[in-house]
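As written, the chains take the letters A, B, C and D, and residue 1 is the first residue of each chain.
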Amino acid sequence: MTIKAAVVGASGYTGEELFRLLVGHPKVEIAGAHDIRNVGKAVSEIHPNLKGILDLKITEPDYSKLGEEVDVVFVATPHKVAMKFVPKLLEGRAKIIDLSADYRFDDVKVYEKYYAKHESPKVRGVYGLPELHREDIKRARFIANPGCFPTAAILSLAPLVKSQLISLEHIIIDAKTGTSGAGVTLTEATHHSMAGANIRAYAATTHRHAPEIDQELTKLAGRKVKGNFTPHLIPVVRGILSTSHVFMKRFANRGELLDLYREFYVHEPFVRVRDGLPEVNYVVGSNYCDIGLELDQEGKRLVVVSAIDNLTKGASGQAVQNMNLMSGFDETEGLRSPAMRP
Amino acid sequence: MTIKAAVVGASGYTGEELFRLLVGHPKVEIAGAHDIRNVGKAVSEIHPNLKGILDLKITEPDYSKLGEEVDVVFVATPHKVAMKFVPKLLEGRAKIIDLSADYRFDDVKVYEKYYAKHESPKVRGVYGLPELHREDIKRARFIANPGCFPTAAILSLAPLVKSQLISLEHIIIDAKTGTSGAGVTLTEATHHSMAGANIRAYAATTHRHAPEIDQELTKLAGRKVKGNFTPHLIPVVRGILSTSHVFMKRFANRGELLDLYREFYVHEPFVRVRDGLPEVNYVVGSNYCDIGLELDQEGKRLVVVSAIDNLTKGASGQAVQNMNLMSGFDETEGLRSPAMRP
Amino acid sequence: MTIKAAVVGASGYTGEELFRLLVGHPKVEIAGAHDIRNVGKAVSEIHPNLKGILDLKITEPDYSKLGEEVDVVFVATPHKVAMKFVPKLLEGRAKIIDLSADYRFDDVKVYEKYYAKHESPKVRGVYGLPELHREDIKRARFIANPGCFPTAAILSLAPLVKSQLISLEHIIIDAKTGTSGAGVTLTEATHHSMAGANIRAYAATTHRHAPEIDQELTKLAGRKVKGNFTPHLIPVVRGILSTSHVFMKRFANRGELLDLYREFYVHEPFVRVRDGLPEVNYVVGSNYCDIGLELDQEGKRLVVVSAIDNLTKGASGQAVQNMNLMSGFDETEGLRSPAMRP
Amino acid sequence: MTIKAAVVGASGYTGEELFRLLVGHPKVEIAGAHDIRNVGKAVSEIHPNLKGILDLKITEPDYSKLGEEVDVVFVATPHKVAMKFVPKLLEGRAKIIDLSADYRFDDVKVYEKYYAKHESPKVRGVYGLPELHREDIKRARFIANPGCFPTAAILSLAPLVKSQLISLEHIIIDAKTGTSGAGVTLTEATHHSMAGANIRAYAATTHRHAPEIDQELTKLAGRKVKGNFTPHLIPVVRGILSTSHVFMKRFANRGELLDLYREFYVHEPFVRVRDGLPEVNYVVGSNYCDIGLELDQEGKRLVVVSAIDNLTKGASGQAVQNMNLMSGFDETEGLRSPAMRP
């Protein structure tokens, strides 16, 4: 059985990554590539890596029909755009996976504080992190696909926060990302002359991925938790390394902590708990989230490091994983490629 | 039908790339990972991107048995090493694909000038560039897989050299490569502090890929041709951009030249003749060779640019392509992934 | 004695580099930083490396006064802008050094073919390449500072073209540049996600630096010469490596060729003829142009490689060198810093 | 008055950086370049950026004479090497500045835990961080020049730790460094193919710069403080960004905190407290340490970011600053160059 999928937001990087993954997915036919930019051009004209592979023309989306014509719609438009048309899409029969932040928050006020006034505040998606919400995702019609930093951060902290082995008052998440996370929009910070030989922190206490992390950690702990998230821009194109620094509340040695993680993720196809610390090039181009940890000699401070590809497990790969779950496919279908290393 | 494949030289970058490609190949079982280094370790311990995907143990190769136990052996050892054991391997029944330079030269004296005294000078392989030697490859038992620079250079010049539209006395090939082409061996030139913010030419008139290019261009022209090859090291990990500068002997406009290329490569699954000039990120991670050209206003100088991934079409991907041809599989099996971009 | 200097175009990269050099120049007082952007801001607000070093406010230029108020004006505005106000500036007493292309061409028709209709076609500058035009520069009031690629290319070919040892019909100049050469303007090609792990050729036969190279090579040869120039964009921020491929007309061995270069540049403070090939990190941050060469075994093809920092010897450093010459200072004043390596 | 300086360890990166700085220092004559490697070669042969600038021959050090022949000796050898000969050097009259870790620790047991058995445990240096120990440095004959990470970390935390405004039990220092910090020794982690498109944490709780940070923070606080330091390797050649995450013990708003820093560093020529967060390219190539901070909305977590060039303020620039202080020169002599940006 094959399903029909459409991508809205065909011109961006998460759109490009969706196409890269879906052209190799044995159960998906790419039925539509939509955007308000580049209408009439072939997908492969915008994304020249796809020449001869996906030469489909980009058309303007017709939201009133799209939900009827295909089985799944990936929404890969910028934040604040999806909310304008998702309600219309939901009138159709298609399953929807929104890669933007528009429907990720349980509390719409949080969204409005960090993004903008919400235009469809009554609608909400299932938070599409399979490792925490798999059963809900399977039953869902509408998925709010997680942000890239939250994916890396939440997965690296979930076992600790759930077990409450650590001080929940002193969690630090110091993340490092490649530049593709900033998308196709030209900015001074991602101009090569400014980014190519530079390291910078940004939105050090105010990044809009922080409340998303806090929301999920809070659910895990059963009480309010703050992740204290700070991102950095690094001169690689792809990849996130997320370093969580936490303080132990109860004693546990490194072996016990590794066992905790291994047990927590024992059935997860895309989380690899490692003996050592993961590096970005263990995962770039793949849907894996690799996790490792190191405890200091006094057994007090624990460092947990996770690595993902921001465009794959951090966006489009996770979206395909969610599609697989919603469609009853093997969860790893189309996503088994190992990382490209070196 | 599934065939069994073994890799000799499991620890290097072309070995790693073979594994990356073969784990996704539906008709291949990876039956052996061999090396004299890292014996007893899992492949995934050396190549951590393969954790959970290929945890096979690395064993020392037994050349007297290996040729009997598997259907195809990929030889991914350094130059000057393959020649020590390929004759032994050929006593078995397996097909052999050697990624080193040891058997690429029709004239063993050329090899000996650029590499070392040959230890099995009577043996020679079929030069494994499918676009020029497909029928020979299909019938071959032993393939000498081309070098990375020669693949990019020969494919970019073949239609011109064959048609003799250009002055064969004034060909210039100015190539730019990422650092993975230099392999895993640590060198000052590939030490990040020396390579990471640098551009350098090396072996400007003496690179050992030059005679390989000359050999194939000479065959195409039917008379002695010199490619005048100069490589440069560029701070990317993967990718080759090869810029050929040639002078027209007979007049042709750009459209006619593009037609010449399109006709020459009309049946080729992995050569894409483009309207514009290709870039390295059109092909990195894929088996494509993209080609474009630009003619100066006077119609005198022609610039032909080709782009490949040095580890894929320039090495392991081409080796798998050769395996497919030798095994009667679809030539593109396991090689259809588009490039990773951005 | 100290002179007063002003910079028009204070916000760009060549402006920034002028400030970096001039703050350390013992005979220059920076009397004005002018721009139509960022008016009212401190130079150090736009160029944060200059905090506490140059906190001067940026003001709008008043061209009718500027030429009277200072001794030298550096024009660091984009191409097509300088021509609008240079004639006005020249009414004052100040010496003018224009870093744009607007006055580099002896033949205004060449300018108009590659840039735009010239608004002050009667005015022309002395081409500010000290190694070729030192005496003219010393006497000049108005300098057209050379382009970055032409500086690297002309210096690498001048001895050969002048001596006519090579075939003037088959010169190839294949240049590689870092991204800062493209300036502060945001473009897709210099967006980090597109440039950071990429190599690309651009304007392969039509780059507007080509006619500038041709003009100077033609003067050196005494007859029309075409440089056949092709540039490439490389993921470094600074630096140009220019590789000239030429064919010998008369026989000369490598030692004789090195002697030719050493003699030609014997009195030059900023040209270093090297035994081996130069690399970009030999010169980045400095005003040097390093040159090396390699002759093939047959003595037919010669490869000459030159390396410069595109913002220093390729722009602002050369402008300061010209200022020194015009002002009767030691030519190396303020320019003696070695490259930053690693 | 000019002093004579010698460098022991002329072949390494800190040696190279010392030469880069000292050739422009108006009061220093470079009287000797010593090493046990590369003896007989010119400095400029090993460091080609110095061709024509410092062509002095490298000679083997004679420690019994060196201390008599020059006024200051910079020891730029690896850790565990300096301790073998510093006592001998100290028998002479020269001032000694050791860039290695061998004499940085007040308690030799700490050194022995992290490095090796100390061969001259009775000797100790003044910890050469001018911002904390200026008066001691001025009077010292022997300086232990700080490590690169400690310089960035200690300067970013000193005002907070001294004032005890923060919880001293929950300090996190998450640092990011370029690859030149690892020196000239070839390693897999700094091989371009492994480092060029990668991000990795290393020695996450056990780095040997941690006890150095702890020693100085402890002195500032007057009681035992742990910095909880974790370094990361980033694909830039130069630069450290150090991000300190701390929790406020007493309330202070951002303005008050900035005032605290500005007052603390009011007389410091090389510390710039910024309104925003510093980036690595604000300081690369210069001796500055830039600091900025951001307080979260609740006023609980404070992020302090500092940026230095690991080879300049983090090593050789600081060594020259110490030499200036010890010699009665202006502290900024030879160190006034702004960062190279872009």
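Basically, a residue touches a chain if its C-beta (ideal position, glycine included) is under 8 Å from a C-beta of that chain, and two chains touch if they have at least 3 such contacts.
No experiment lies behind these values; they were computed from the predicted model shown.
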Could you tell me which chains make contact with chain A and chain B both? C, D
Considering only mean CA positions as chain centres, point out the chain farthest from chain C. A
Inter-chain centre distance, chain C versus chain D - centres from mean C-alpha coordinates, in Å: 35
Could you work out how far the Cα centre of chain A sits from that of chain C, in whole Å? 45
Gap in Å, rounded to a whole number, between the CA centres of chain D and chain A: 39
Specify, in ascending order, the residues of chain B that touch 2 or more different other chains. 13, 178, 180, 193, 197, 235-238, 279, 281, 342
List of chain B residues in touch with chain C within their complex: 169-170, 172, 174, 176, 178, 193-194, 197-202, 204-206, 226, 228, 230, 232, 234-239, 241, 243, 245, 247, 277, 279-281, 284, 294-297, 301, 303, 305, 307, 342
Complex contacts: residues of chain C adjacent to chain A: 13, 179-180, 182, 184, 186-188, 190-193, 195-197, 235-237
Enumerate the contact residues on chain A facing chain B in the complex. 13, 16, 19-20, 23-24, 47-54, 180, 197, 237-238, 272, 274, 278-279, 281-283, 285-286, 290, 311, 336-342
